[in-house]
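Order of writing sets the chain letters: A, B and C. Residues in each chain are counted from 1.
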Amino acid sequence: MSQNNGHASQSSDGFIVVDGNELSFREGETVLQAAQRAGIEIPTLCYDERLTPAGACRMCLVEVEGSRLMQPSCAYKASPGLVVRTQTPRVERNRQFILSLHLADNVQDRDEAEDNNPSRLHALAEDYGTLGAWPRVERQRQERPEDTNPFIEFRADRCIACSLCTRYCDQVEAVSAITLAGRGAHTTISTADRLSLTDTTCELCGGCIDVCPTGAMTEKQALAYGKPERELEKVRTTCNFCGVGCQLDLNVDRQANRVVKVTSPPPGTTVNDGNLCVKGRFANDFVHHEERLTDPLIRGEDGQLHPATWDEALDRVVQGLQGVAERHGDDALAFISSSRCTGEENYLFQKMARAAFRTQNVHQCAAT
Amino acid sequence: MQPKGARREDVLHVLDQKGGLRPGVVDKVHRETGVPAADIYGVATFYHLLSDPDGGVRVCQGLSCKMAGCDRLMADLRSRDTKATYVSCLGRCDLAPALWDPDGEAVIPQPGLTASHDAMAIDLLGAERPAYGALAAVMERGSDWMVEELERSAITGRGGAGFPAHIKWKGVRSQAEMERYVVLNADEGEPGTFKDREILLRRPHLVIEGLAIAAFTLAANDIYVYVRGEFGRARESMETALAAARRRGDLDHLDGLRWHFVDGHGAYICGEETALLEALEGKRGMPRMKPPFPVEKGFRGKPTLIQNVETIACLPAIVDRGGDWFRSIGRREAGSKLYCISGHVRRPGVYEGPLGWTLRELLEAAGGMVGSLKAFSPGGASSGFLPASKIDVPLDFKSLQKEGSMLGSSGVVVLNQSADMVEAALSQAVFFEDESCGQCAPCRIGTQVLRQTLERYLTSRDVGVLAHLEPVMWGMGEASICGLGQAAHFPLQSAMQYFPEEFGVAAPP
Amino acid sequence: MTNSIPEIRDADFLFVTGSNTTEAHPIIAMEMKRAVGRGAKLAVADPRAIWLTEIADWHMQLKPGSDVWLLNAMAHVILEEGLESRDWIEANTENFDSVVETVKRYPPEEAEKVTGVPAETIRQVARAYATTPKAGIYYTLGITEHTTGTDNVYALSNLVLMTGHLGVRSAGMNPLRGQNNVQGANDAGATPVFYPGYQRAEDPAVRDKFSRAWGVEQNPNPGLNLNDMMKAMGDGRLRGLYLMGEDIVISEPNVERVEEALNHMEFVVVQDIFFNESCRWADVVLPAACFAEKDGVFTNSDRRVQRVRKGVEPPGQARADWQILAEVMRRSGLEQPDYQDPGEVYAELASLAPKFGGISYQRLDTEGGLQWPVETPDAPSTEFLHKGGVLRGKGLFQAVEYRPPFESADPEYPLVLSTGRTLYHYNAATQTRRSEGLSQKQPESFVEIHPGNAFKMGVEDGQLVDVVSRRGRVRCRAMVSRQVRRGSIWMPFHFPESKTNYLTTDAGDAVTGTGEYKVCAARIEPVLEDAPRQVFPGSYASARS
């Protein structure tokens, strides 16, 4: 998709050599960014282009000439003439080491790990291989069972402490509701004083779920629904709340005709750059709400509304409106549409007013 | 995101003032500083003096204290219903088994010390040197001269990395940015090391004068002194000395210079220079990625010189007696050196000698072994173990590196024939697991793997449980962000290398 | 918006006024936060200390309704200090002199008295705005929902024009649309003044064009806007009403009059996804599909046309609005194509409105979204408007004078009430309150009141109170918060059981008819027989008590 996301035209500030290929880079770019642009694949677990790099997972280490240790490509700045290797045995062994280590400290089985969100950790382990299954590490990370917020569950057994969620909350949503807490083996994700998210500055944007590479942060309701994301179909659409026009993916269970949850398209692909707000992500209960109107209703002689067929209802609409026009003139009719409806529907609506009922009395509800 | 006007740098201090992480404190600190509550909580849970304000008496379980019976001490305290918590290291290995009561009277250690002599740069028992003549000389001869003299002295950093000091000074001076900082690393935390503590207590003026020289040379306006939280009296000693120097007018020509004293709050990792900067900025003490190095982007993102207490304390002598003199005291490498020794030794303490002393010479100064030497750790936990046969290896940076070890902070721990190397390795593994900052996976998970594997081996004596250690140790060394994780496997690796029988013998059927 | 949402992150100066962006447009706010994180300066002009003021360099906490004074004073500073873009004004604008004359009478020191914003702050912000090349203005209902809404917008655009911050990346004049498809509904001609694509209804040539296209002679009588419709319902000029997706009983100001007017209607059709309040007056109710159940396009604030795609089938007999409308038209006897899908409807729209001439479903599906104008199939998306000079002709300066709001505080109604949105609900909350989670987060209505006023009135945080205006009385809980100024109170308009629009005036802007939701005089009466209960713990506002 060639959406414009505000990136300036690509000029070059020099070249680096990656695996023998000269790649151009721009001032301030990292080795990873330059490599990604050139289609060179470097696996990452704690990187997100919207956030300052943490260099925490060590998955993206590459060899840099002149440096004794391997360097994190997600944070290492490109500079003219830099020579980088991404495919040496050392680099490859490190990737397998990191994946083995994380898996020893995580839910090992992929199906179990992906009970809701997909896990980048497990996908990478399949793609890059491991150094064998190591004995489990006894987990020391604390959970937050007393958090009764309705939307977001944190499952410490899956957390790799990559800090994507906390950096997201701090740098993108900018409310700093969650933090790395504890130290060393105890490092976990917490709110202030382990409060429920609903009692903190959290705005329930759910961005922490979207950035989490393991499903440690997950949608409570979708988890309860019990069908993993990979078994759902994604339908790309536009949010129906405010005027930003966020793109979102309805995750649909076709058989059950149900929107199970909403996820955000990847950053860098749409106007919302991977972000959503609480309404776009979570306020979709209304779609399948039991109070939805399911039948046309016509007011009867008794003054009550009664279910009717479409034929009856539509004829009644036409008669009713035409009757008013005959009695009081075309301009005794008014048509009020909603900015909540689509462009086509608004087009048809004003066409209906102007062509079918010959009045200019048509407006939509909000002038904003 | 920090709100405008939030006082992030004050968070640790205010948390401490309000008694650490107790109910309601996070919110109070949030209201006082404007820093988001979660950030405050995250910071408070990082530092053990803040996260566990009611921990009571702290009992050290570092290697020297372990060997001296800290477990018995703990059992004893608990039997008397005294609230007590284990901590990794208290920097009182000379008093093993050490304990510290944060609310009690300060215990004044009395380590073994070299008798006063003026052949060495620091001379812990030497008389106070008022007048700050070296500072006056530097101000007269100018900062270019100072940097040259520093280069001539060839002094390398005494905090552990042994990096040539003049390169850092030149690095700061070459920055266009004129907002510059000098930071004193007095967070001494490496198990087996307590030399900086003694300098701060006994020769604070050397440190103050040295810092003033550094600030003058680098045109810095602010000096930050970051003192280990468990060293309460050391900080007082520095503050008293500064006040005295000011009273006497020793610092009159540096009125613009601001001195800031900052307490550590219980995190070994804050000895690592960039973690220390994070702590100064009121954050969790997680080391930064380098590059950029602090000389370029340090405190508040500005050029910063960070130097160890001992390095700084050598400066007045280098100025007074000349770089050539300093260089000449050392054997293969420049200068004199404070060596700490503890463990199975008669007079644990701090002994000053030429850089390149051997363990044999150091033991002689400290009154000899208790029992017979089996193994030693030459430079803190991170340096691993060497067998008795290495008793004549010069204790300097290059020689030890050749042996696959390191001088580090020159905190020597000696072990006699009674020591079990598996337990010794486990003790170090516990230390690293407790003190890992936890941000990078190789160290956070790797240190757990090492400790848990050793525990399993100790109970089962089944060699099979050690099978996956090789790649784990390899990866920790290769992929960790900072020196802690990179070195955390040295004790185990070296113990396995030099004492294979203790790891190879399967349990009897 | 003249500019695009993704450009905001690269701005160096942001002037946010009358927009509680973090709550009403959270994603745009993220872009603003990103800019600030990069080092951009942020000035917020808002009577409330909204969240953005946390990270702002300046907060101009003006008295509600004094916007023109503030903005004219900024213009005064810019001209006084010679910071305007002379060449740009010369080349691109008209009528500059009228503004020069007017704003002379608005010195910052006087502005301070009227607006309550320190003169020095006004000067600093004006300077920073004028001298930063990438400086953007962002506003919403806080500017427009006044009787002086149009004046406010002119006063803002005068600033943009005199500094030449137009046709530049990350700058411009950016109204943030409150609803998903306000832009699209306007684009499509759902307004009495325009046919699709902003072709003027008063222009006979335009009417001719559509008469021919649709095969029906177009009515030359000017149409009524929403505000006028409400009045015309009351005085009997209107007798029939068709509401599509709109609940006027909730959304229009002065509810009591709306309800009264509905009683006079002879025939009312309501087409919606839920049984809304207006259904009580409906003769026919038609069940519609929601956004997840249909295809189409929405056009967002930055003129971006994007696809809506069907994910699930609508419940029961419910049908997509477009299907219903096509059927009503067919049954009314209008000859028209037999639309198979909304793509065909869009093609008809594009063929009649040159601005969208180059937009098609095919392009939308491959290119993701297109920002109009896109006049031909090979024209690119338009990231920002007025590149290389004001579009079509010259930017017109419009001198505006301050006029006080329709109502102001008096001894009987000593407080000034504004209404607005919260993050957790949307409009009448028909959708959001059906989310259990959101109802848990923000279950009921509240009124924000400054601790100083609360104390004097004996109102405690969380206490039940009545908010009373000349038009009505509404019950809700008090939230004592420094987010509002002393003397001002604020309520969200989402909660049907405490309809703020019983309180607001239906005095509208003379040009747009937009109601004055931001200023009305009110008072608060504590209701005594109830124990206080904190309404919204953890919210930004309650943290500021």
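Going forward, a contact is a pair of C-beta atoms (placed from the backbone, for glycine too) under 8 Å apart; a residue touches a chain by one contact, two chains touch by 3 or more.
Fair warning: this is a prediction, and the values are worked out from it, not measured in the lab.
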- Task: Could you draw the chains as nodes, link the ones that touch, and say if you get a line, ring, star, complete or other?
- Result: complete
- Query: Between chain pairs B-C and A-B, which one is joined by a greater number of C-beta pairs in contact?
  - Reply: A-B
- Item | Length of the line joining the C-alpha centres of subunit A and subunit C, rounded to whole Å | 26
- Item | Where subunit B and subunit C are represented by their mean Cα positions, the distance between them in whole Å | 60
- Query: Whole-Å distance, subunit A centre to subunit B centre, using C-alpha means?
  - Reply: 44
- Task: Specify, in ascending order, the residues of subunit B that touch 2 or more different other chains.
- Result: 1
- Query: Which subunit C residues sit where two or more other chains touch them?
  - Reply: 33, 37, 55
- Query: Tell me, which residues of subunit A touch at least two other chains?
  - Reply: 171, 174, 200-201
- Per the touch rule above, subunit A residues touching subunit C in the complex are 1-6, 8, 50, 149-151, 171-174, 195, 198-205, 221, 235-247, 250, 252, 257-259, 269-273, 275-279, 282-289, 291-299, 305, 310, 313-318, 320-325, 327-328, 330-368
- Show which residues of subunit B lie in contact with subunit C when the two form their complex. 1, 3-4
- As the complex stands, subunit A meets subunit B at residues 53-58, 61, 69-70, 72, 75-77, 90, 93-94, 97-98, 100-102, 104-105, 131-132, 134-135, 137-138, 140, 160-161, 163, 166, 170-171, 174-187, 190-193, 200-201
- Item | Residue ranges of subunit B touching subunit A (in the complex, touch as defined) | 1, 23, 26-27, 30, 36-42, 45-46, 48, 51, 267, 284, 289, 291, 433-442, 444-449, 452-453, 456, 465, 468, 471-472, 474-475, 478-481, 486
- What residues on subunit C touch subunit B, complex-wise? 33, 36-37, 54-57
